[in-house]
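Here chain A shows up in two complexes: once beside chain B, once beside chain C.
Here is the complex of A and B:
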């Protein structure tokens, strides 16, 4: 009975699925195919994962930077999301606007703004010298630190929004109940609020980590050529040296890595529920 | 109707009826002061039936400059309109286009790396040297599947206010005591990277490629690069290379002379460069295999772009050095100091060796990336 009622609606999904198939799945399949056929059929490209020091360095650096970015982004984002969940309506609108506004700015503009702020004679260094905290400018740019600052800034809205969505749906009365039952405020937060906000944290962590793994523009600009992450390396192999087999192998490895992260995550959490497919 | 127009119509009729060949038609129309911009299809030679010729370069001021220097003269000669696409014919895009059988470009403004990487793979039309003249190009940049388009160089570029005396050699760039400050070089090894390192180590210009041909020589170059690494930022886009100087992050480095020239002009001479020990390279015309306008039209375009007068125009606007040796004498006095093709500049420099890069590009590029990242 259920079937006859829902079946017609499935047809509404068909155009979207078809578009995905043609413009997404087909090219991805091509990438996978190239990675085992170019320049010669077989798994030759994948042996580089062990053999090439450069490739291992790039993968390790990408993972490390993504992890650090994720930790900082989710921590900072949690604070903002928590504040968003507490403030009154008027302040909420202003704060949400500020969060969303950074999403509307081009990633290039944001990266170059960080260059202006963080460079040797930039605003941040000048201010720190002026107030006497440091004597000589800190190297904030063209290194991993610069890349991480830029990436955290870029990712913050992506972390704040799902965590806020989760927190705004929580029942506040349980906090009052904790209060009434004699919990101190940190106890109420840690034992009651934090566990309830965990689904939001998990979504934000996944989102930011997966996004970071494939990040391109910010590391390229803020890293000064010395912080090469995976997507930049892939792009170089594609555009300049024409080693498509290598490039597609790394792209496939990245994709499999992301799928593995998601697979592990699903063992611990109910993905459907997280993304709102089940109430 | 004036008598001039009447005479022109008469010529046109004679040409259309086949009583006059195209060359004399154009010459006599020209004598009347009329240059037929678009020649009707039936009057064109076979190759010129193409509807348009798409020339791809790297955009910005190059779009208008190429149109003016090469596009318009080509249209005048053949009647084929030219469209300049400034989206950048990277090697990867050319390959993708040819493999997908969806070539929409006719002539690409690529470089040495393009000729080396794409030629052997069968992605390019061979240059037809019965139409294109090998003599009208510096011999170092004449290849089977590509030919030099203009000269540019990786030169020692520095901030004149940062040092007491001007640096003149790569050894000065490696001398961080005497010339303090950040360094920069290209992230792609094709940018005079290893060549400058070896010359800094004392290898003579003439011996650089012989030395690089040996494993010890390459090891020495990487040793020198490693030595300078703590002071070096590696640029990937040319505008990035300029920005590093403007922000003060870099005081001395190895960047394209066209960009050094831009820096100097914008800064009233605070930044400048020396041709000494510069690395000569060239933009290269490549024609993707199966280009839509046909190989012949593309070759004709390249031939038009070999005209020395046209190349001098590009020097004026963009600083691109004419690659046709005949052009050197045509360069106006005030531009000669900026022209890499003037003998007194050219002789100071070393040209990219196709032989070396065909054999070792993959290997040294990989090693270079490992070193810097």
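Here is the complex of A and C:
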């Protein structure tokens, strides 16, 4: 009965599925295919993962920077999301607008703005010198620090929004219950609020980490070619050295890495619930 | 007509020995809206007091002020001799059961109930015994390891009760705790709550919009209307001696008969209806005699429907216009030339007449069975 009633609606999904197939699955399949056929058929490209010190360095650096970025982004984002969940309606609108505005700005503009701020004679260094905290400019650009600052800034809305969505759905009476039953504010926070907000933290962590692994623009600009992460390295292989086999192998490795992270995550959490699919 | 034992004067007087909560001139305004308007209350230790009112009557605001979640605009709240008006909620030491239970979803039943002890830094072994005792009190000790989402609504409600009582608070606040449950379960839990109150002797302050709930459980009911106390007293007093049209209509049902009152040589009163019929009214001991224009309230169950007038009763003739069957009794709608439409309730089996639509009948009630109420 149900089947015959719902079946016609599946046709509505067909255009979307077709578009996905043509513009997404097909190129991805081709990347996978090239990685095992170019320049010669076989897994020859993948041996570089063990043999090349450069490739291993790039992968290690990418993982490390992504981890640090994730920790800082989720921690800072949690504070903002918590504030969003507490403030009144008018403040909320202003704060949400500020969060979303960074999301609307082009990633290029944001990266170059950070270059302006962080360069040797930039605003940050000048300010620090002016208030006497340092004597000479700190190296904030073309190193891991600069990359992480830029990435954390880019990722913040991605962390704030899911955590805020989770927190705004929490039952306030549960917090009132903790309060009236005698919990001090730190007890109410760590024993009740924080555990209840964990699903939001997990989503934010996954989202930021996965995004960071494949991030290209910000590391390329703020790293200035000295902090080469995986995406930039792949792009380099495609465009400069023309080693398409290597490039597609690394792209495939990145894809498999992301899938592995998600697979591990699903062992611990209910993905469907996290992303809002119920029933 | 306010029971003097229930509402004290707004001025500070010496607290009586068995008074546990005293509310003086409590007012809460939101902009121009007076959610609570100069409410004063005295609650005796061990009472089961119900704040009853429709939504917007201020009952929840009063409860939340006692709990500490609403800061009053004016007035004071004194609990056991201590002014707690400006004490934060977590320092008031009150138990509370919330609408929708508000259990901690990530904690087991045992951890939920143990929470008030844990935040107070109790010894683990002692805590475990007290948790077990509190759960036994509500017959939930066998589910101590369950998570809240694996419990039914009634079970969650019991856990919420155990959690609120585990640290032996002097006062338990209950905010419409049964409103999410279905009718039958609600009736069972009403009974259990009353038993529990009797057993542990804690003062219960209960908020509801359900008249039946209030009537069946409470020692005292405070009826609120637009942020003010309309009338307060024992359930029987409020039901049988409503002061106003509002109370007579809110608790149960009433027929309202406007008329003009004049003293009667027998010591009672004669009420002349708009239709010109003379009816007699006997006065209860505490009842002031109305004079001039008045409004009389007559409960449907005080009416006897017959074919011939009953001796010693007020009798009005009429025609049955409709009948509703409710199982144990009938509700009979009767159109009378003297009073307009009248509703009577009659026992389904023992009624004097068959309730047939169109039948000519007599509407009878005793002179003492109706009451003058204020028209508000």
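FYI, the second predicted complex is superposed on the first by the 278 of 279 C-alpha atoms of A that agree within 3 Å, B and C clash if a C-alpha of one lies under 4 Å from a C-alpha of the other, contacts with A are read in each partner's own complex, and residues count from 1 in each chain.
Keep in mind that, in the parts below, a residue touches a chain if its C-beta (ideal position, glycine included) is under 8 Å from a C-beta of that chain, and two chains touch if they have at least 3 such contacts.
Small disclaimer: the values here were computed from a predicted structure and weren't measured.
Once the complexes are laid over each other on chain A, chain B and chain C both fit without any clash. Judged by the touch definition given at the top, the superposed model places A:120 against chain B, while chain C stays out of reach. Contacts of A:171 after superposition on the shared chain: chain C is touched, whereas chain B is not.
In the superposition on chain A, A:179 makes contact with chain C only, not with chain B. In the superposition on chain A, A:187 contacts chain C only, with no contact to chain B. With both structures placed on the common chain, the touch criterion links A:106 to neither chain B nor chain C. Taking chain B and chain C in turn and counting the residues of chain A each one touches, the greater count comes from B. Of note, the Cα-centre angle with chain A at its vertex and chain B and chain C at its ends comes out at 150 degrees, rounded to the nearest 10.
Judged by the touch definition given at the top, the superposed model places A:233 against chain B, while chain C stays out of reach. The superposed three-chain arrangement places the nearest Cα atoms of chain B and chain C 46 Å from each other. Chain A has no residue lying at the interface with chain B in one structure and with chain C in the other. Against chain A, the residues of chain B that register as touching in their complex are 90-93, 95, 113, 117-118, 121, 187-188, 233-236, 240, 243, 247-249, 361-362, 365-366, 369-370, 372-373.
Residue ranges on chain A touching chain B, taken from their complex, read 52-54, 57-58, 61, 115, 119-121, 141-142, 220-221, 224-228, 233, 236, 238-244.
Of all residues in chain C, only 67-69, 89-96, 98-100, 102-106, 115-116, 118-120, 163-164, 167, 173 touch chain A in the complex they form. Note for the complex: chain A touches chain C at residues 171, 173-174, 176-185, 187-188, 191-192, 195-196, 198.
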